[in-house]
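Before any comments, here is the structure.
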Amino acid sequence: MSSNSFGKLFTVTTFGESHGPAIGCVIDGCPPGLAIGAEEFRSDLDRRATGRSRYTSQRHEADEVEILSGVYQGRTTGTPIALLIRNTDQRSKDYGEIEQTFRPGHADYTYWQKYGIRDPRGGGRSSARETTMRVAAAVVAKKWLAERHGVRVRGYLARIGDVVPQAFDWDAVEQNPFFWPDAAQVSAIEDYINALRKSGDSVGARVNVVADGVPPGWGEPIYGKLDGDLAAALMSINAVKGVEIGDGFAAVAQRGSEHRDEMHLDGFTSNHAGGILGGISTGQAVVASIALKPTSSILIPGHSVNLAGEPVEVVTKGRHDPCVGIRATPIAEAMMALVLMDHALRHRAQCGDVGAVAPRIP
Amino acid sequence: MSSNSFGKLFTVTTFGESHGPAIGCVIDGCPPGLAIGAEEFRSDLDRRATGRSRYTSQRHEADEVEILSGVYQGRTTGTPIALLIRNTDQRSKDYGEIEQTFRPGHADYTYWQKYGIRDPRGGGRSSARETTMRVAAAVVAKKWLAERHGVRVRGYLARIGDVVPQAFDWDAVEQNPFFWPDAAQVSAIEDYINALRKSGDSVGARVNVVADGVPPGWGEPIYGKLDGDLAAALMSINAVKGVEIGDGFAAVAQRGSEHRDEMHLDGFTSNHAGGILGGISTGQAVVASIALKPTSSILIPGHSVNLAGEPVEVVTKGRHDPCVGIRATPIAEAMMALVLMDHALRHRAQCGDVGAVAPRIP
Amino acid sequence: MSSNSFGKLFTVTTFGESHGPAIGCVIDGCPPGLAIGAEEFRSDLDRRATGRSRYTSQRHEADEVEILSGVYQGRTTGTPIALLIRNTDQRSKDYGEIEQTFRPGHADYTYWQKYGIRDPRGGGRSSARETTMRVAAAVVAKKWLAERHGVRVRGYLARIGDVVPQAFDWDAVEQNPFFWPDAAQVSAIEDYINALRKSGDSVGARVNVVADGVPPGWGEPIYGKLDGDLAAALMSINAVKGVEIGDGFAAVAQRGSEHRDEMHLDGFTSNHAGGILGGISTGQAVVASIALKPTSSILIPGHSVNLAGEPVEVVTKGRHDPCVGIRATPIAEAMMALVLMDHALRHRAQCGDVGAVAPRIP
Amino acid sequence: MSSNSFGKLFTVTTFGESHGPAIGCVIDGCPPGLAIGAEEFRSDLDRRATGRSRYTSQRHEADEVEILSGVYQGRTTGTPIALLIRNTDQRSKDYGEIEQTFRPGHADYTYWQKYGIRDPRGGGRSSARETTMRVAAAVVAKKWLAERHGVRVRGYLARIGDVVPQAFDWDAVEQNPFFWPDAAQVSAIEDYINALRKSGDSVGARVNVVADGVPPGWGEPIYGKLDGDLAAALMSINAVKGVEIGDGFAAVAQRGSEHRDEMHLDGFTSNHAGGILGGISTGQAVVASIALKPTSSILIPGHSVNLAGEPVEVVTKGRHDPCVGIRATPIAEAMMALVLMDHALRHRAQCGDVGAVAPRIP
């Protein structure tokens, strides 16, 4: 139960630093017999990759997944599945100033205070590079969830700065580099981000994730609630500062008569709850939102201190994401998939005999 | 690592149903030698109790904590501390309709779908009654944190429906039944809640929690981040639909130049991050907010179905909280204290030798 | 995952000191729908109880189990099952010398070195009194295992001092106070123990435990092997100094041609392996043995030191078990049942879809 | 807390199959600042390696450890340490009969029954090849234990078949390929093993492991006892059928007056307990023994069944260890070191403030 592991029964342990030799993960607890091949990782890793388009960081990561164990003749064997990606950008360069400086808004200072060790290589372990392995592990989870339960997990960018979608279309989401659900706004967003890049500044974002097909009954009260585990999973993504389930903070101003989702024999009237009541799935879509802060790696100088205890001015040179929230979309999907996968197994461990009981709201 | 346990090293396992014989908890991992007496639980339990004032549910719970183990001659021994509270309101009454009906917005339907068993006694395990034991366990955590590290955890109601505080004073918070930080608004809030009660409806709320004195270095990347664990802890509270750390969702519309907290030798300029960077505490105040939905137990009829698969109309009779968010305040404090306690021990396990390294922002 | 919890999915947390107010446990993860009543605990608790006969300690413990939660209308609900037993022998007496002295062979000195706190009440947490709750929790596990899988767990005393059974009959085991499988030797053992008691000394014992009906496939390589978990479970019983699976230490002198259990279509030829290969059950009987040391609570004076750092001579007054190994029999059964229960759930979590595959050795 | 992970706070997750692309491990929870280099793994890996001498399996494994993460400039950073060893013997050969046959005494049949998948490559995950990574991980643990606490863990072969040492000398242990403590017997053991090999049979062994320098106070009652965790750790080693602490099964025939270790101000009189009382270390040497069965991979034909459900006769061709117990010696050391490392961290988490209390037996 180490802190680099996620999940109780479908347990993913990640390792690796941004600019170290490699990153990887070990998936323990995957059911045997699932067909999986190295080529199935490419699509989601590409979606996550910086370098996908010029609207996220221009760094190019050619992520080739090697399956080291746990798969034989194209099927999972029930033993740990280890995935490895070599870092191609691993330069033993001189990190110079960065090595000596605590960048404001980054984890440099807190890692130093915790560990007394400064690993300056591209943010080291705190880099979003680590999320690559979450996305990879979730490819396995997504496939099992889809095959066994018909579960589908999808995300989209729901806001960038002050811009919100004026229309919604799932088909649009995958047809632009922003995971934006309103095709008509895409060029405006391009302009918005280009302007941000020129100004050297960054902006926050909101990402929504939705899982369809989740059966009722997943989630374990009290401290393994589905929403509790989702909150932990999503908050663990770099730059996330807030998590909502269903209506989230909008519920603060709602009346009970408005918020509660009434039930009819042919379904729920609404889904303010986001598909979870008492920590257990209702059978409706599971809906979560996250808030991503604007990256602190910007070209505008900021004040900080260095290792020598002197005041310094910091500018982040090189690669620059004006909005890290964009590529958080597939990461958020991954985390929701990992949570659902874990709970699918947990549910059948304790309640495998119960099955779907009547009456069941469709 | 069961789902009714919370915390990795300071592990609290709760048990008990709302109207069963008793509720209780087992605290495992408490350091030995801490002075604790049964009388020390009263204050926080009173703060949490329904019945504290007529503005929350009128049910009166005379919660007497019995220490069953783990304390000898007034000091913790290092063995498990079991706390027990007998339910005085345990009536073997006829639950009648409730037993047969799934109340909308409640966990009735999801528990049924998960377990195939219907325990109608006052909401059973899904009742907020369970949180009593979190508050009790946190009394131990708060005391250790205060004695060893000078940590203080405090919460307040930051919004109820559309009402937000116009002023802020910690001293005011404990002097009114709403944990409201603006004394001038207290009577208006009384009127607001009375009107709600008359209308038979309910409203949501926002609660903020702040921990002062947390040293830098607590929190474990990647999946044991301090903010990730806080998110899980706070989301596990009944009726919570959202969690924010620091600026939370406000960060969506912020620029990087605005959000990042600059560092100077004499301190941070701001605390947009809420005291956490990269999942590790910065040494600033740790700040979190939660959104609470309006309770679904209202006098306004709602549609649902019953166990026989028939459509029914539901009205919640009896006790009624117009705003459950009010008493969530001490519960949110408790959960933050439990998370911090756990991380204090986790930090000294791995990094006990590191200590505070220079330079350290005061 | 605290150290007073046992089991990953069927998790039992015990609490309580020997002479404190109460002992108890919380069972988390029990499948819902199992019929269980307070009266079902009596039989196994009586078997374990000191005071069962004059051949074990004469202390009388009237252990009444109260079910505090997790059961509604006689069936488990899926929520935590808390069991409580009040200590009737809880006297706030003066422990006098014992409080100041470290008894040789006991945990007095090690608890003091670990916790810096001395709880002298009857051995406190280190007393075998704690095992009462293991036996209670195992009643639930045994029932589920029997109903769902036809598993039966039984133990017997396989040696006391130099005496070994000359015949074996399961029926005999429950018809004498020693769990001895050879009825013809029972009166000789009475004499043996009476002589021991007169001499004020004690002797060790060996207990065997056998589970019939375990299907093939339970156990999780590598660090959750069925034999590994059994070893931990059995070694955690007070006074146990050794654990064997199948032939155990006898395998040291065996040849491979002798030890390996050949397979035929109608079954295994032998069961040297004790029903486990590669950490996974074979479908044969699961067989384990434990070695119990002679209790150190004897009337013969021994040398030790006291809290003041002075040399002292210690004699254990009062109640005295000449052979603690006898009552370890139901405790060993309990631990094997808890391990099997946990693995039954773990197996269906990961491999629930696999089912029994052909060919299957009957 | 997956089943391929070991340790609660110093958590080692291993992955990889015998003849797959690679084996590896992730160490999570290592304290930061420990100096470690890839070259430090060679010595213990060589000691474990088959091919060390002609007296164990002749297979040659050129195990080169690559450190993938968690170390920067030669020091641990506190982040996960991933170690990788490529399998040089990974041939995509035709496993022919083995693929279709369940070898008696092996895990072939049980893995098949559990997972429904047959990975015939050299025993797959059940091969002792996996223990390579335990030894590697323990190199890190041993170093930290030695530097911080002066703990030294050593093992030796205490019996092979019917041969027991007639003398004991730690220096002799590392000067012969059998870890045998009596130099005078080494050539006789050579003859013994050669004769075994010629006969195509195998024999069991006993290995003893001793840890010096363990301070009093390590170990967590009740279910995290030091001896309980050692039992699980040692029983998880391939071919182990029994575990003893201290006198182990010899205690069955002992008297209490003989077994209990009396305490004097200048030390304990004896160490029958093996350095553990009540699950907590006493400050004496921690002593454990294991029984290893004779390998089932022998040249003498045995009966079994195949995947088609037909009776077959099995002969294990190729490499052949007449006594797998020999190379279990460094593996047993590794497991004891991992347990002690974990408990060192667990102890300082809960009881870090207690320190050594007086009086302390030297």
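As written, the chains take the letters A, B, C and D, and residue 1 is the first residue of each chain.
Here, a residue touches a chain if its C-beta (ideal position, glycine included) is under 8 Å from a C-beta of that chain, and two chains touch if they have at least 3 such contacts.
Predicted, not measured: the structure shown is a model, and the values here were computed from it.
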item: Far-end chain from chain A, centres as C-alpha averages; value: C
item: Copies chain C and chain B - interface residue numbers shared by over half, same or different; value: same
item: Geometric centre distance via CA averages, chain D-chain C, whole Å; value: 26
item: Approximate Å spacing (C-alpha centroids) for the pair chain B, chain C; value: 38
item: Between chain C and chain A, distance of the C-alpha-averaged centres to the nearest whole Å; value: 45
item: Chain D: positions in contact with at least two other chains; value: 1, 3-5, 8-9, 14, 29, 32-33, 78-79, 111, 114-116, 125, 221, 346, 351, 354
item: Residue numbers on chain A that touch chain D, as the complex places them; value: 1-5, 8-9, 11, 13-17, 20-24, 26, 28-29, 32-33, 66-70, 72, 75-82, 84, 111, 114-117, 119, 121, 124-125
item: Complex contact set, residues of chain D against chain B; value: 1, 9, 29-33, 78-79, 148, 221, 345-346, 348-354
item: In the complex with chain C, residue positions of chain D that touch it; value: 1, 3-6, 8, 14, 102, 104-107, 109-116, 125-126, 130, 159, 161-162, 201-206, 216-225, 227-236, 240-265, 269, 272-274, 276-283, 291-298, 300, 302-309, 311, 325, 346-347, 351, 354-361
